[in-house]
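Worksheet for the structure shown next.
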Amino acid sequence: MDLYGKDFIVSQEWDLEELYELLDLAAKMKRDRYSSRWTRILAHQTFLMFFYNPSVRTRMSFEAAATELGGHAQFMTPSAGRFKTDKQAGETIEDAAQVMARYVCGIGIRILEDKVPHYGAGNEMLREYARWSNVPIINMADDRFHPCQGMADVMGWAEWFGEGPGRPDYGNLKGKNFLLTWGSGSLARSWCSVQEALLVASRLGMNVTVARPDGYDLDPEVHEWTRQNCGENGATFSVINDPETGYDGAHIVYSRNWVTADAYQDGMLQKQAEIERAMAHTGWTATVERMARTDNAIFTHPMPVDRGNEVTDEVASGPRSAVYDIAENRLHVQKAVMALTMGNL
Amino acid sequence: MDLYGKDFIVSQEWDLEELYELLDLAAKMKRDRYSSRWTRILAHQTFLMFFYNPSVRTRMSFEAAATELGGHAQFMTPSAGRFKTDKQAGETIEDAAQVMARYVCGIGIRILEDKVPHYGAGNEMLREYARWSNVPIINMADDRFHPCQGMADVMGWAEWFGEGPGRPDYGNLKGKNFLLTWGSGSLARSWCSVQEALLVASRLGMNVTVARPDGYDLDPEVHEWTRQNCGENGATFSVINDPETGYDGAHIVYSRNWVTADAYQDGMLQKQAEIERAMAHTGWTATVERMARTDNAIFTHPMPVDRGNEVTDEVASGPRSAVYDIAENRLHVQKAVMALTMGNL
Amino acid sequence: MDLYGKDFIVSQEWDLEELYELLDLAAKMKRDRYSSRWTRILAHQTFLMFFYNPSVRTRMSFEAAATELGGHAQFMTPSAGRFKTDKQAGETIEDAAQVMARYVCGIGIRILEDKVPHYGAGNEMLREYARWSNVPIINMADDRFHPCQGMADVMGWAEWFGEGPGRPDYGNLKGKNFLLTWGSGSLARSWCSVQEALLVASRLGMNVTVARPDGYDLDPEVHEWTRQNCGENGATFSVINDPETGYDGAHIVYSRNWVTADAYQDGMLQKQAEIERAMAHTGWTATVERMARTDNAIFTHPMPVDRGNEVTDEVASGPRSAVYDIAENRLHVQKAVMALTMGNL
């Protein structure tokens, strides 16, 4: 298996064996974080982080990942340059990507729904960079997918259902019940993390339930892939519209706010309208009472957590919260992605 | 003595022996700046610089410090994320600090008076980060204290009263006369540097004089600690309200503008009002004439210098100006702080 | 030859042998990019990039250059601090430069025409930094010159007229015909890149033609130096005002937009007026038809390319376009500049 030069845009486009290769390396890197086995892999090389949208966690974890591999992550935003659009003269992605690829060993891009005129346009832009760049494009979250988050999620779940930090047991996730539930709140959040979670949970053989208010369906193609993944694993996939029953017998609870499919109007994300729409659905919160209905479920979330809305403090800071472990895993899976696709392992 | 994991929020909270340990290491690091003794201490590790307020010198010196220890300093501002406040949903310090601590070996924070609703709130926020982080919190200047500046100051003074750069003599500072004088100008400056200077000067046995216009008293607790430090060292502490007599017999002159204790109104720093208030006190300037009254004093200032107001060009660029040496010492003391608290020396 | 400590502000101020020393090292570094011969040259040292104007390519290439030499490039903008001007209190360049020089091994500065009150003021500011800093000042593009771009240009030309990437033949450039032609478009571009190109092309013995609409003359001193350089090499220098005939027999075509000498009014660059003025001169575009008049010329441009105005897609993406190779060469020449002036080679 040779992953050198491969883009990482959505987990669904990598073979299962490729994902396991990545996850295995991430676990080894977590067990022995600063070992000289890893600290020369990208020695003196540059990874470019290109942020159309800012981020604390994504920047911190990618920048630390590059440093721990012996390299350096450069921070860049499009505001530093002038890009060609329908309305202004500037540089094309064809030119920008080909030049970037001369300087760096890989390019991470983050572009979310508020920076593009319609759903999917962010993901399309990543693929345009991938077309012109001959170094790997790593998705640091676009408007559809967030593969590094998905890998960190599943690594964290497998650690909690395995032998602890750095000792995940992926086999043990098969047949477990995964609840993804919409969460209340005013953050009008992206689909990328929850969609990637559906894909990885179903890919690894979990029974998947999505609970959301009517009108909050996600991308039909993601639903279709999830259904297909579940089918191949003999697992179930269901969508429900009440905030309670999904908890019954769940092993993993993922509660998070997201916008509706009608969020775009006139080529712009209507964030305020989405906030108002969400306000009609209070009480979609992961509480201790609801968690008590589960089969001793862990609580998972990609952070930042909207405490009091998506989840109560008691659950988010409680003994079954996997959120910090999963945040940490961003670092380890990203080191593994970079090592495999750029480091020529 | 083991300083590993210790926060550095104000010099007053470290034992005198701990401060000397830090200062001794800083001098060794200055003598032999790029020695392989130091360049592996933080190899492949990340130090986070979190800037609520921007800064040139603090960023440059911390980032160079991490590089010279073999590590990397990440630059971050809160604008990259969304933090919870009374008015908006967002991430808590509880969550942010616990995640940051998973990625990095230490966290530096800078937050000044214009970013907080009342005096002391910046320092409280640092302590909230320290509560949740299990890696050291280093104060990169808050609204009360600036311990790295204080250490750089005292190292510089001891070099000038010792055998030169990298050869400080701290014993020789005992019994010397230290003048901190308010300076004219429109910069409405923070208390943090001058307060830290009072603490370190008194801690190391100097006689301390504060000269300021009436109405320009600093934090009573800092005055109390200074008085206490002086008492323990058999040194004197006095506060005067004229711009001249403090120079008599001084060995070290520190001239700098600062705001009044009434600077906050309605939960906001009233910078314009403070500027107007300061304008009534022209002529509080360190001049050659005033320096002539001293016992061949050195001029000290944490920079940036407000030339023409706090001090004349003749003094600031003169042969007894220690300002560049002290600015350089920021690098060395910060390397020592990081090495001791994060590098497990 | 010892270039240690030398500023690099314009190629014209370096001896020809010094430029060849730089270009030779750049070619060696390109042939063997991550060799351990280079990766320790600036080990643990810091290069400061000070951006009055933002830039993607310049930042990326300098930051990668420092990383590949084992060091670290710090990113800084003046907005992080407060600089003294006629209108506000703040820090002087005297103070800023002397402090910076204590932390870093070299300082790169970028300041373009829109940040200064008159033509040449940006270059003057670089020289003021150079006056006070005792580490090298590297011009990362000012309002007059762009020496790193000029070196990357000439290296690329010599590769295309030599034996390919990393195998330039500078002797083969002598007597070749170099066309610099003004380009249409609304970008109101700086003089720095094209002026530096005139200087290096003439320095290396090419016959130089400048084609531009009347009113678009460049800096008379640059014209004078170019004429002088050509004279010393027995080469010709001519200025024409039609967009066609310059292509006849050309070996290298450089098409780029620039502003007029009247761009400043009332101490400010009048960008909108320049755009309107440029709109009267459509059709100054490097097309396939025009390129057919040349002696199989290569197309050169410092990027970002304004496709459709300065040059057509067919030419910019065509088989004789040197633009990506030249962009890559920024990295290599900058590594060589840093190694020679800061690395004590």
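Per-chain numbering from 1; labels A, B and C assigned in written order.
Simple rule for what comes next: contacts are C-beta pairs under 8 Å (C-beta built on N, C-alpha and C of every residue); 3 or more make two chains touch, one makes a residue touch a chain.
Keep in mind the model is a prediction, meaning the values are calculated, not measured.
Colleague: Hop distance check: chain A to chain C, minimum number of steps through touching chains?
Modeller: The fewest steps needed to get from chain A to chain C is 1.
Colleague: What rotation angle, rounded to the nearest 5 degrees, superposes the C-alpha atoms of chain A onto those of its identical copy chain B?
Modeller: When the C-alpha atoms are superposed, chain A turns by 120 degrees onto chain B.
Colleague: So what's the Cα centroid distance for chain B and chain C, whole Å?
Modeller: 41
Colleague: Would you pick out the residues of chain A that each touch at least 2 other chains?
Modeller: Residues 72, 75 of chain A each touch two or more of the other chains.
Colleague: Which of the residues in chain B come into contact with chain C in the complex?
Modeller: Residues of chain B touching chain C: 34, 39, 54-57, 59-61, 63-64, 67-68, 70, 72, 75, 185-187, 303-307, 309, 316-317, 323-324, 327-328, 331.
Colleague: Any idea which chain C residues touch chain B in the complex?
Modeller: 43-46, 48, 71-72, 74-76, 79-82, 84, 89-92, 94-96, 98-100, 102-104
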